[in-house]
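Letters A, B and C mark the chains in the order given here, with residues in each chain numbered from 1 onward.
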Amino acid sequence: MTGTRQPIERADVGRTPRGAEEPRWVKGLLIAAALAFVLVFLLLPLANVFAQAFAKGWTYCAQSLLDADTRAAIRLTLAVAAITVPLNLLFGLAAAWAIAKFEFRGKSLLITLIDLPFSVSPVVAGLVFVILFGRQGYLGPWLEAHDVQVIFALPGMVLATVFVTFPFVARELIPVMQATGTEQEEAALTLGANGWQTFWHVTLPSVKWGLLYGVILCNARAMGEFGAVSVVSGHITGLTDTLPLRVEKLYHDYNLTAAFTVAGLLALLALLTLVLKTLLEWKQARDDGRVEREPETPTA
Amino acid sequence: MTEKRFNSLPGFGLTMGYTLLYLSVIVLLPLGGLMLRVLQLSWPEFWRLATAPRALAAYELTFGASLVAAGINAVFGTLMAWVLVRYEFPGRRFLDALVDFPFALPTAVAGLTLASLFSANGWLGRFLVPLGIHGAFTSLGVVIALTFIGLPFVVRTLQPVLENLEHEVEEAAATLGAGRLRTFVSVIAPTLLPAVLTGFALALARAIGEYGSVIFIAGNKPFESEIAPLLIVIKLEEYDYPGALALALVLLAISFLLLIGINLLERWARRRQG
Amino acid sequence: MSIELRNVTKRFGGVAAVNNVSFTVQEGELMALLGPSGGGKTTVLRMIAGLEVPSSGDLFIRRQRVNDIPVQRRNIGFVFQNYALFKNMTVFGNVAFGLKIQRWRRQDIAARVAELLEVFELTGLERRYPHQLSGGQRQRVAIARALASKPSVLLLDEPFGAVDAKIRQELREWLVRLHHELNVTTIFVTHDQEEAMEVANRIVIFSRGNLEQVGTPREVYEQPANEFVARFIGVMNVLDLEVRSGVARLHELEFPAPGLADGQRVRIGFRPYAVQLASDVAQFRYRAVIRHTFFLGIMLRLELELASGLILRARITKEEYARLGLADDREVSFQISQYRVLGNEAAALAPEQAVADPPRLAVTDNL
């Protein structure tokens, strides 16, 4: 926002606060307040994780990670995410295509319903599946008779995770697909492409950064989810503990350093997520042509 | 161009069908099952369970702490969004990226590290506890955790609105003789209000359901620092299904109300923006 | 490639965007679909392309009914209003897309794309992305892409809408040349009557989903089918008259209307060039004062005020203006040499030949 008007009657041009800007001291104060808030609420907690993790030195830290139960938790966390993310990705693509490219009645209701899991407490999300599949649940007796374990096992944890991460990909994709409109797809059709070819060559490439963005957020939440998974996991050490649950267990066992080491691993995941997210936002901005080269002089 | 319709693109039936099926299987049917279970309780029983003294204390803490945390976020979120959009300073982009940290950090880790920070020998606790400010294992801890997890909502809701704000409008106010504060109060603030309220409501909704971060820092004493989601978990572990269901329904009802409220707010905000 | 629409209607919800439209485009024509926005012209274009399906009526391409043939198999080239270039593909990728879909061989694709880029003066830009191109370049990429697999008809939706006024003129001439060279049946949509008049062989005029007139630029200008066309194409004086004892009147103006009942209303339109002026106030039947003179290059437009306060517009060349020694506030006499009866009353009123001042059907030079 650089105005072209010049202050006229002052000698110290450039120092003069223009009418539509705050005085420098106000700016400074506001920036300082924001930084202080970020320092206390974001940077200190982050630094504290790593400080506590390394409190007993590198070797202790490494040992905590190599612990058999922690390794089992890592494997389980990866497994849950590996199942959850593709499921929600597929759903996100289908939902975004239907919502962004077509007009139909009840669209805003559908969008609200897709957002619904965000406003349900994770604990309630877990409870919902206990009610369905638990021993006293609707399907409990049948499952028990057929020796199928859902609750206190991987399927239940996946279901709970799918529920809480349900909207991520769809939510990111819908606005991106809406923004690209339908003209490019129609152009592909007029050039002879069928539906799949159009989707594969035109739609997917134009939303790829938004798609990855949604996948990364979905993955972060899937790996980090605590409440919902906690309710359905049964807390069986070495079997149904994901990394966040492992943190809690170590904490309750008063093994603080180990708890922080596992927490540090998750914090690294969060940092990686942030870096990728920032990168993707930049890529998207570049693709949108918002960060553009000098426009060529028209030669038409 | 009102002539636009998209009936030439293929795949509507397939994608819409899959969307509805998946939505039903993952979200609607399970939630419906829960509702059905609650309906099996008689009304007096439900009322007794939902308004037990321990439950009431849990609601009070949950809603009270959530409101305070969302309020703090409304103030500091507005400040952060303003600073990030309007000012150039070293580290601005880093700060911008960091705002999403609470979204990315698993809640258990957040709870763990906040509890450690505010405990008597933590980095902050060692200064605060002697002053009588007990951040860990108290109801204040609940507020701290909920403030942390709700931080990004107001900032991220407000940022695009601020970016789209026409600078000319402020300059117009200035040419009409309004001082900067006056311009902010009568020109800028009314434009931002819907977005701030939306962010506030989003942070509130998230805070009311939050579980992971709070249980690490709150101490979890009944009637004192026990939040409603935790009480559900406790009931469930005691195999008190009716008790858990009654509480869950109260939380769900409030989530839905907030969801509707947020939708209305967003609609209002869009209208405001034109 | 002839195209025919027969009683085509398209409804969106309950609203008819295109209402019972029939017309034919001949092989090799350069046709304009003209009308105000929301008139249905884009919908017609999209139906020809196969991007919309008619609610009723039939669509023929080369005498074959194509209602049920999907867009992919109609062999048309479509240029979208905002070009709809694939943002994730280079210029080469965009132009080659249709050929790849049709599984052309790699070297054939390369040769065809190179040929097109040459024709469209885009050589050297193969590896640019759309956002690195100027508006004019984007448009030429879009047309090259549409023409790559040699479609039998080229459809363009507001082809000049998105470029600035300066290069618009060049693009118009360029489109005419292109059409001349390729001789492919071309239909374009525009809301700019000047553009349609200048570029097209024939024009289809739409308003609110209805077809108002089909004709050459000259036909729609000189013989507008109705008041809408008359007002939409060029400037028109329109009078609302009432019949009294066989004469349609408005203030001092009179037009013979034999056989019409008293009290009936009649609308009459005439072009500014049809107002013949004389400096001698006695030469013609009516008198007026020149209120304003507008300079439009070699032409001048005059605003005439009659004694009754009625305002008429007249058009005259600079030379004529000087010859007659005209100036603002001067009194002149005039007659209306050529006019048309507008609207549905046209049939009821006597044909033009029966009018007292016989209209000169020859086009005056100062058009």
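By definition in this document, a residue touches a chain if its C-beta (ideal position, glycine included) is under 8 Å from a C-beta of that chain, and two chains touch if they have at least 3 such contacts.
From a predicted model like this one, the values you see are computed outputs, not experimental measurements.
Central chain by Cα centroid: A, whose mean Cα position is closest to the mean of all protein Cα atoms. C-beta contact counts were set side by side for A-C and B-C; A-C has more.
Here the CA centre of subunit A is 15 Å from the CA centre of subunit B.
One finds 53 Å separating the Cα centroids of subunit A and subunit C.
Here the CA centre of subunit B is 57 Å from the CA centre of subunit C.
Residue positions of subunit A with contacts to 2 or more other chains are 186, 189, 194. Contact with two or more other chains is made by residues 50-51, 71 of subunit C.
Residue positions of subunit B touching 2 or more other chains: 5, 8.
Chain contact summary for the complex, subunit B toward subunit C: residues 1-3, 5, 7-8. In the complex of the two chains, the subunit C residues touching subunit B come out as 12, 17, 37-38, 40, 42-43, 46, 50-53, 71. Interface residues of subunit C, counted against subunit A in their complex, comprise 49-51, 70-73, 76-78, 80-82, 84-89, 97-98, 101-102, 121, 131-137, 139-140, 145-146, 148-149, 163, 167, 170-171, 174. Contact residues on subunit A toward subunit C in their complex (touch as defined above): 180, 183-184, 186-194, 197, 201-202, 205-206, 208, 287, 289, 292-293, 295-300. Against subunit B, the residues of subunit A that register as touching in their complex are 1, 3, 18-23, 26-27, 30-31, 33-35, 37-38, 40-46, 48-49, 52, 90-91, 93-95, 97-99, 101-104, 108, 110, 112-124, 127-132, 136, 138, 159, 162-163, 166, 182, 185-186, 189, 194-195, 198-199, 217, 220, 223-227, 230-231, 243-245, 247-248, 251, 256, 259-260, 263, 266-267, 269-271, 273-275, 277-278.
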